[in-house]
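Next come two complexes built around chain A: one with chain B, the other with chain C.
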Partner chain A sequence: MANNHLTSESKQLATWYLTFAAILFGAQLLFGLVAAIQYIVPGFLYGILDFSIARILHINALVVWMVFAMFGSVYWLLPDETGIETIGIKAGKLVYWIFVAAIVVVVLVYLFIQIGPASDATIWFITEGREYIEAPRWADLGIVVVALTFVANLFLTGIKGKQTGIVTVLMADMIAFAGLYLAGMFFTDNISVDQYWWWWVIHLWVEATWEVFVGAIAAYGLITMIGAHRKVVEMWLWIEVAMLFGSGILGLGHHYFWIGTPEYWWEIGALFSALEPLPLVAMFVHVLYDWGKTQGAQDANGDKNSVITNKPAFTWFVLNAFGNFLGAGIWGFFHTLPQVNLYTHGTQFTSAHGHLAFFGAYATILVGVMYLAVQGKNGIKVMKNTKTSIWAVSMISGGVMGMTVSLTIAGYVQVLVSRAQMGATWAGYFDGQNGLWFTQAMDWRLILGIVTFIGFLLLAKDLLTTGKDPVHER
Partner chain B sequence: MLNPAIIRPEIALNDFLPIFVSSSLVLVFGGIYVGIYTAVKVKYLKPWVMVIAYAFWTLTSYCLYVMGSLMHVGSFTAKALVVAAIGLFLLPFAVYYMEDNVHKSNEHKT
Partner chain C sequence: MANKSVWSDNRFWQRSATWITGFASILLIWLTFDTSAQISMGTDEDIQNGVKKKVPGATVINYRITYEMDAKRGHEVPVIGGKEKFFGRDDWSEEEAAAMLHLGKLGSQAKNCMDCHTLLGNGAYYAPDLTKAWLDPAWGPDGSMQAMTGKSTKEEAIAEFLQHPDQYPTHARMMPNLNITEKEAIGLVAFLKHMSSIDTNGFPRNFGKIKGAINGK
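So, the complex of A and B:
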């Protein structure tokens, strides 16, 4: 093995996944910046990289880097949790390269073939055209093979090794994660039916399986970083699973308000959307409770040192608790009930919610895992914050928060002008977008997007260099 | 026959901002309630501060009421919001009770 601090091949594979995830994270931000510029200067790169393609790449890179980082996180924790090397690691490595190659080919095809006919060949080889999951069908099938191999590795290892609560939850969660992807792989003639299934992938991934995944990773992080009691953490994890699935699955109803599905979805959507923030509030308690109890126990023993063994990772994990609460909770809740969603649906409010929720709920914890991997790879006992790590986390979180506020202001203009005053008409759409508040908000979104990107560059630098920094305890 | 108010509740222009602010405050105040409750329980704050936690839950409920009224929610959604308010009130009790018992039982074992 190249680095003797890595105790297993599974962890080595994890670092590959996490590294490629970080590269895609950068690509996501870069294409987001292009799209943000195009909002202000519509002719920017026209005919070279159209807005439609920049947006596809921005969003798909987001989804894919998170999936890569999630797979990497699982490969990282599996040997620690099960006590054995991951079974099928060679197959895992093979499908990693297949996955990477497929992503590169798909991106190149997006870049080189931006316009064309909507034929069966397009669906198979260029794009399926479904928002967020635009990958062509050949890549879809490849993703299924990759996901099944990953799930098989997880299951075989989980069954043979020690069966902790974290691994058990991950096994159940990842099979749902892989299975739900199938709902986005077929077309129906009726657009309402088509959208009905498509939301299974988008909503049930994000607001059910991904949130449970975050719960499991947070549990692992609290055990490894602050030495929280496993029984307490795992019991909490089960509560969280019950609450997240209990509210998240039928929270799906808030996507069924206006797509032609029966009216009872308004009531189901309203009820479960109102309940959805509860587990997010509870996650907040969880981190406070475990941190407070563990630090308190150490203080009582006369040891005033911090219980945290990886400060940068813990910073990102705490940011996750707040970010999830803010982005998914607050920014989700204030436009989710059908009475107000009638006005907010499809405005920049959705975009504001999307930016802060994806960042707060998922990006934060996955970056935290990257720091855990850096710590493990370099044999660091106590990892400390560096100036670069502090600047990176501040600029990225400040930038994303600023973008969210900007988009919220833009969305508010759309709600008032385009929807409430002008009744969602064609003229109203353009009047809203031409308003001074809207255009200024978009300018600020770009400026804060640049801040976020600079923060990312600092993050990349820190991840690449902090492992050798003598400031850490070894 | 559907209630037309559900299809198009006709929210007044001046009510949009209070709706967004009050619905945001629902979770902000709710989070503060839960945070203070937990901090008191783990002895980071003095017990009397719990009164402030309950005051924040009251503010949460009030914001839910304001939000629901301005949105003209129907009777079903109004009940859902009441359930959410009660759920938020009970949540830290239930979670803390379970966590604390697991913690104690494990501390006794070791």
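So, the complex of A and C:
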């Protein structure tokens, strides 16, 4: 690439990961739109790309683009944090291509083979049919190899280089992240046992290890973007780790209310998951506090310039601090108590929470890292928002928030009509689905999904072009 | 460092984070052992001796299952009653029943059921929850679904529907044809019947008890 300012191989590799992540992000939104249309026009692509397939692609693309962007983020920050070039870059590049190739094959199989006979061969080569981790067994093994290579690079670099608090947290966090995937790789006839371990992967990823990852990235962002004091930031990070793991690990219990597991999970799940929003409040306060503190210190010296060296990235980071609290914290707490969850479990309520939480907690900060990479790659000292950056962030966050509100209303209809009034039967389910409030909510969801998608197109344009924009200080 | 408070000491917080994480993890592992023992699948002997398991053995398909309010626990629980014919027999052996359940569970994954339906409340929300689908009045003797397929038993009606869902449209939103064979369909019905016997702590509430606002209690 011409005019590439990156001298670090690790950062080069990071841009590969982040680029592919952005492509998958687009694919996620596209298949989400297909599924959203099918709620309104059920015949749309019926028998060709059924809802189940569109949804698999929607949620698998989501998980995979985030994993890619997370690997990319770590490769990006490692040289800055450790002070040395990342060890094992060649292996890192090799597994990058293996990972990309495997994903292309898995997606083609999802699209064109879709299902198989009830046999082990289907589980090995077509689909495992378990929400979020449908990837067939061969791909599971591939993912383990890829994840282990990544973790090995992180550890070798972290041990040899400077071991900052951020690197230490990432090392501990990423090994747990990789290890937990193993819990989702076996087959059992007992669906209660199946779901027990399935939640180890899903919950302990998104409500524990991924959250800690976000804490570490936010800490790095505060140091690099506004020059926050490392010692203060890392102290916050350790407090967040304590609070996130302290509440999140046993918060797993809120998935064990109704799957055949003992009743004691009601109390454990309710108590610990009710505590889960606390660290998210702390993270929000922490980001704003550090921002105000560094800006205030600079103002006091008579320098009225902004302390922020990357406006678009910082916008996404602040959005993350708030979105994490709102989407994961508030929308999660809405339905986490068993008395409420008895009626909301398995309704669009979960979907509403899922949309805002994945976006607020993860998509935002990872897009922020993409902007950091654009800044670094183009040798920009102070990166400014362009009109496109502002339109992109506004349309995406407004769109996702709107979808979340729509799905919450749809969820209320299901809770009241399908569950409370009709007792959750087949007939009750469709009474809820055909209700006016439900169908209107689904219309709004599609409209706001389209807004989100247009926002994504603007984001893609901005990421591709803003690096050359003369508005930035170089 | 002399006058520094422990509350602003990074080492203190690092150690706290480690201890809290370790403690929570150990507690989770300990609870996992307890739960695993409680949710392991029961046996035919358990059913015959009236031993209540959270997840009964596969031969539960030989019995009538109902969903009744348990006054002590304050919610509904599945109750295993007397013998009931399942595809013409009520003496499926432990091996036969286990094989049917195995095929059904495999099928539920091979056909991506969970990406439209919810099972035990988990999955997608595009189609009805299947946790207690076996007990749904729509599939019962007076139910519209059984009548539609023209079959005389619940299990045959469900199996017929699963093989040709596109021939029995109930709503604009239709289940697609998933190339389910007759054998797979029987396995899936066994899987559904078995799932309805799992003690889900009262989820879903009031299942099948309410006939609608007009005919309701």
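Keep this in mind: the second predicted complex is superposed on the first by the 469 of 474 C-alpha atoms of A that agree within 3 Å, B and C clash if a C-alpha of one lies under 4 Å from a C-alpha of the other, contacts with A are read in each partner's own complex, and residues count from 1 in each chain.
Everything that follows uses one rule, which is that contacts are C-beta pairs under 8 Å (C-beta built on N, C-alpha and C of every residue); 3 or more make two chains touch, one makes a residue touch a chain.
Everything numeric here is computed off the predicted structure, so don't read it as measured data.
In the superposition on chain A, no contact is made by A:T388 with either chain B or chain C.
By the touch criterion stated above, A:D189 is placed in contact with chain C alone, chain B being left untouched.
By the touch criterion defined above, A:V241 reaches chain C but does not reach chain B. When both complexes are overlaid on chain A, the residue A:W266 reaches chain B and chain C alike. When chain A is checked against chain B and against chain C, the one touching more of its residues turns out to be C. Of the two partner chains placed by the overlay, neither chain B nor chain C lies in contact with A:Q28.
In the superposed model, A:N153 makes contact with neither chain B nor chain C.
Judged by the touch definition given at the top, the superposed model places A:D50 against chain C, while chain B stays out of reach.
Contacts of A:V281 after superposition: chain B is touched, whereas chain C is not reached.
Once the two complexes are overlaid on the shared chain, A:L342 sits against chain B and chain C alike. In the three-chain superposition model, chain A touches both chain B and chain C at residues 231, 235, 239, 263, 266, 342-343, 420-421.
Across the complex, chain A is touched by residues 8-10, 13-14, 16-17, 20-21, 24-25, 27-28, 31-32, 34-36, 38-41, 54-55, 58, 73, 98, 101-116, 118-129, 131-133, 136-139, 144-145, 166, 170-174, 176-179, 181, 184, 187, 191, 195, 198-210, 212-213, 216 of chain C. Those residues of chain A that touch chain C in the complex are listed here as 35, 38-39, 42-43, 46-47, 50-53, 55-56, 114-120, 122-123, 126-131, 134, 165, 168, 187-196, 198, 231, 234-235, 238-239, 241-242, 245-246, 249-250, 252, 255-266, 268, 342-343, 345-348, 350-351, 414, 419-431, 433-434. Listed in rising order, the residues of chain A touching chain B in the complex are 229, 231-232, 235-236, 239, 263, 266-267, 270-271, 274-275, 277-278, 281-282, 284-286, 288-289, 292-293, 296, 325, 329-330, 333-335, 337-340, 342-343, 412, 415-416, 420-421. Against chain A, in their complex, chain B makes its touches with residues 2, 6, 8-9, 11, 13, 16-17, 19-20, 23-24, 26-28, 30-31, 34-35, 37-39, 42-44, 71-73, 76-77, 80-81, 83-84, 87-88, 91-92, 95-96, 98-99, 102-103, 105-106.
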